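Next come two complexes built around chain A: one with chain B, the other with chain C.
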Partner chain A sequence: MPLLRDIKGSFQPFWVTLRNMFRKPVTVQYPEQRPELPERYRARLILTRDPDGAERCVACYLCSAACPVDCISLQAAEAEDGRRYAAWFRLNFARCIFCGLCTEACPTLAIQVTADFELAGRDPLKLVYEKEDLLVDHCGRQPDYNFYRQTGIGVTAPRGGNPGESPPVDVKDLLP
Partner chain B sequence: MTEQLIMLGLILVKLLLVFGVILSMAAYLVLAERKILARMQLRYGPNRAGPGGMMQPMADLIKLLTKEDFVPAQADKWLFLLAPGLSALTALLTFAVIPFGPPLQIFGQTVPLVICDLNIGLLYFLGLSSLAVYGMALGGWASNSKYSLLGAIRGLSQLISYELAMGLSVVPVVMMARSFSLTEIVLAQQQIPFALLNPPAFLIFLISIVAESKRIPFDLPESENELVGGFHTEYSGMRFGLFFVGEYINMVILGSMLTVLFLGGWSGPWLPGVVWFIIKVLAICFFFIWVRGSMPRLRYDQLMNFGWKVLLPLALLNVLITGAVLLWIG
Partner chain C sequence: MPTLTIDNQQVTVHDGATVFEAAEQLGIVIPHFCYHKALGAVGACRMCAVTVHAGIFKGLQMACLLKVEEGMVVTTGDPRSVEFRARVAEWQMLNHPHDCPVCDEGGECQLQEMTIAGGHGRRRYRGEKRTYNNQQLGPFIAQEMNRCIQCYRCVRTYRDYCGGRDFGVMGSRNRVFFGRFQAGPLESDFSGNIVDVCPTGVLTDKTYRFKSRHWDLQEAASVCPHCSLGCATLPGGRYRELQRVRSGINEQVNGCFICDRGRFGSSYVNHPDRPRQARLAEQPVTVVDALQQLAGQARELIETHGPEAVLLLGSSRATLETNWLLQRWAAELGCRPPLLAAHTPRHQAARVAAFDLADRLASLAEVRQADLLVLFAVDPLAEAPLLAVALRQAVRNGGRVLVYDPRPVELPCEFEHQSLTVLQIRNLLAEETVESTLLRELLDRAARPVLIGGGDLLGAGGLRHLQRLATKASSALRPCLVHPVLGGPNSFGSALLSPPEPGEDDLLTRLESGRVKMLVCLETDPLLEAPDGERFADTLTRLDELVVFDYLPTPLSVHATLFIPSTAPVEAAGSFINNEGRLQLFGRVIEPGLPIAVTGGGDHPPREFFTVTPGSDPQPAWQLLQQLLGGRADLQAVRQRMQVALPCLAGFAELQPGGPGLRAAAAVAPGRFEESLPEQPLGSLQLLVTPARYGSDLFSRYADKLAPRFSAAGIILNPQDAAERGLNAGERVILDTDAGSYRLPLTCHAGLAAGCALVENSAAFPHLVPGGELGFCQVSAEVAHD
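Moving on, here comes the complex of A and B:
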């Protein structure tokens, strides 16, 4: 009976809306209540340090190349001990889409995401973060990774000095 | 002489009171609608301006007043500027004939709680409710925008679909009360309201006033999702505000008319008459909001079909049957 169905269909929504009126709203009252963010939430980016306190970034430009909106720019430089670092590192949060591709590209886990999403401001130029603004004094989400200990061959530690690395082989004594 | 002065003073006080109450009621209806709709959708609604969002109407007013009053380049300027006022004015004028309480005794004078007890109050209401569509139609036409024009045309076609049924649904009321005066109609319902005596007329009038107030499910002139803003697409600032407020004043007025014609007006036990009247009007306003939260919008051919093929024959039949019953009772 389409008529019966129509009549039922006309009255049911009233019951649904009335019932929902006495339920607790699902809204998070933001400034007072904080939203519960997932563990891997992607928001403001930081440049982390390794466990020894040195900068992790080796200025390889991979983050800049991976960035789909081209919001990262930097200039590489080399320290006297042969260690590469970024002379300047600029990240424009007004353009950043928080996709996290830079963190996936980063071979030294230097650039990382944080859950701090409160970046809004009135002046777009204030959203351009320089290296001093990005650099933090902790290791971020990977607390015990030091790139130079694993693969930085002969740069900061002598060859064979890194954990899990064999000492260099003297090729002459392999001769038959 | 002094008696006349007192009378004049009382009338002025009455006017100001009614004006203030209606306007603040309209302003807070906006807030109430937003909050109630929000709760129906599991949200909180506006709760930032003042305690519990109670200052929201003020904030909206300031926002609307400080916005640019924009007139489109090819618009018919005078009609464009006039239309919102017309829309709010006709809504406000209707309240002149609505009795909102039993006569009051002040300073040895009997003050009827109605601004002007016309003996043809019902016809006055019907006339003004037909005029009310002019604000919308002229505004939509003068904007020189296709969306506004479509909204205005829809408004007019909607008007001719529900207006006849609305007029016919109050005919049984007049027959039962034997008067066109709204005060007489209320007095005729002291024992039992006409909504119980003649439910079909009540239902037809209820559906018609939802259409008259241009609200969901009959908000075709606006239909945000199809026509941008419908007839008020091109309006900004306080002119849009006037349309908006006019719509809510209309809601109060039509709720009052339903109260007066079918729910027994101010009559009710224990509480004073004015309080009963306001309770009934607010209940109807809540019903309007509830309908908005629950119903989808009709297509305009569906509305016209419904108006011409269902409501109008029903209303005619109802007039005939009521007449026959009244004749039979004598």
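Moving on, here comes the complex of A and C:
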């Protein structure tokens, strides 16, 4: 019966409005009131440092390969001690979709997400972050991890001096 | 022809094939490390295990070693083989460091792929990881021995295949080490190949260190431009910079390997002084304006001064399409047909190869299979490095190599060297000596003889003698093939486009006649690339207009009144014809432009954005010529037209880059020019100009990565000749030639034929160019000045 249904349909919205009229509002009065975000909220990306204070990023290009929108570009270089680092690292937040795939790909835990979402602006160029804008002075979430101590490359320790390694072999030794 | 079943698929293979090859034929990839197509199988890594269900040896077997038998049944994916391979991958990883993020091999690493394919993910072994100290292996190769999985591929490539001596394996048990006895630069001219064959990141390209990942590189099948052999290469570029070159595969030419000159000599593309802006009388102009200016002036000069007024000059560096379009433009302008090479003697030698030798050209694959190889005036390591590796394969297959050359030739294989002067070699070829008879007997007995002739020292006359010798040594049963070594990457192509015509004069005679008002040099610099550079320089003052199209910072491009930038071979598609008449296409790798490393000054790219790429003015030379001719710039259409105009290029339009290429040899034309050998003046020495191994061709001269291998200028004499003239090694001596006199430090070498003086053309000594007419010189002590 269409008539009955129409009458019912006219009253139901009023009932919904009435029901919610006396509830506590959920609107957050941003920016006067700061929102409480979950710990693992994915917003602005940072480049962290290892416990020794050196840059964690080894410019392995895995983040740029994982990025579905191609917003990361970088160039690797070699320091005098053999450390691989990013000569430049550019992240275009105007393009970033904050999916966090780069942080999952990062083998050195260098690139990490923060909960800082306040990136809006009028100039898109200001959203193109360079390495100095991304690099922070702390270890981020995993404060103890140092990639070079685990890898078997003589950068933080002499060759064969990392945990789980034996000293370099004497290749001219013929003893059994 | 046994038939076997692999994974329920039947396949018939040739006798003696292995299960691995049979699987490859079916498209089944069996994981492997130590097997390599060019190196064969050793069965050391145990990765290619398969299960044999029916056959003489049942059970787990190594596919790379197991010969196929009739009725064999093999599975590659059964639980037993998969489990075995997973365990092998696990033990390969026992000592392998977890440094993939900082390893250049990451992303193109066979060990990564096989580990993941094998399903190994967690290291169960709790013992310590073995480490090594690395060696410094020179400017090209970086070593990180901790990553080694002992597959022996590097040693098999370096020592067995390429004939190097200073890299090997040492140590015992699990301390096996691959390197030199003492740290130091690798001496072989083929050292870069160990980077390609290493299945993991032990040996990596130092010049490409940390530059890019494989997945970010722009790559395309290409042809090496450094010599006339035309080896297949795979150059890779990123951020508008050509970053590395690795070996392509062409079974007919280079096989799987290339030389260091081709591999590390690619940075000419990004030379800091490379001219990228069109210039008219020192003022920058747009390319469109420059072309309009050129077309207008050329027409005007021809109208006022006749068809001689404009001289077009093609080159052996320019592609086949470019040279052909240059001919079309000349026809449209109404001037004389263009010269397609500035270096006349080399061009004439190339013509003998293209026309006289057309029916008996040997490919490098045929050189590798020959049983008797006779080299006349060729120094492979200097003129065509990969020929030396091909010779080594022939020797490994039981062949014999005879070398007749005045120079102290070195080869990575056993060979018999007869130190003869150029005149003596020509007499030998003309069958006037006792040695000729012996040689004929040897050739008659050989089953697959190949004669190899150096176009530079033999010249057109010598190559024609070589052709006669080959004709006589051929029989109804088997031909005697010839492998000529030519000057540039497209020498053969330039020669093929310009058939011999009577009464032809060369570049210098035309210029010196004074009738030429405008010279258009297309990707060539006769100052550096042709003999008599001084004479050429003198004629430049008589020209009204000097127009240069080039991509290298040559001296001529600085002198040009009108300069138009063109693209390097990797920046545009094109084609070259190699020394044995093989037409090969190459694709575009990167687009022209200033690398980001330059525009950003090493830091991040500039933060201003433009719609035009900086430094992207260069256009392919064929495209520039097509604009001059009018009509649509379509390379495929140009190839269609060429194929119609030149019957010997049939199939050109269907060719793809990266294939084996196709033989484009013209019908045999009777030889025209007979030359008389000059008389040697009394007390003089025969002047030999040889290309330096690195830095003689302009590509490697402008490649800064090769700079550590550049040689110093010097003159070499036989100790006997030096003693006769009272000269001591180490002194500076005066070399008097027709082209001028030079002060050079003297070295004595007993391997050099008596009566010869040898100088190397290189960046340090560019004055004398190899491949000129046979010349004579005087060498005397420096007169002390008070």
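Note that the second predicted complex is superposed on the first by the 144 of 176 C-alpha atoms of A that agree within 3 Å, B and C clash if a C-alpha of one lies under 4 Å from a C-alpha of the other, contacts with A are read in each partner's own complex, and residues count from 1 in each chain.
Going forward, contacts are C-beta pairs under 8 Å (C-beta built on N, C-alpha and C of every residue); 3 or more make two chains touch, one makes a residue touch a chain.
Only a predicted model underlies this, so the values are computations on that prediction, with no experimental measurement involved.
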item	value
Chain A residues touched by each partner, larger count belonging to chain B or chain C	C
First (chain B), second (chain C), both or neither touched by A:99	neither
First, second, both or neither for A:127, with chain B first and chain C second	neither
First (chain B), second (chain C), both or neither touched by A:108	second
Which of chain B and chain C A:65 touches, first, second, both or neither	second
First, second, both or neither for A:17, with chain B first and chain C second	first
First, second, both or neither for A:151, with chain B first and chain C second	second
Contacts of A:54 with chain B and chain C, given as first, second, both or neither	neither
Contact residues common to both interfaces of chain A (with chain B and with chain C)	none
Touching residues on chain A, where the partner in the complex is chain C	58-62, 64-65, 75-78, 84, 87-90, 107-108, 125, 128, 130-131, 147, 150-153, 159-160, 164-174, 176
Interface residues, chain A side, partner chain B - complex	10, 13-14, 16-18, 20-21, 23-27, 29
Complex contacts: residues of chain C adjacent to chain A	97-102, 106-107, 128-134, 144, 146, 170-177, 179, 209-213, 215-216, 239, 596-597, 600, 602-605, 607, 609
Residues of chain B defined as touching chain A within the complex	36, 38-44, 290-291, 293-295
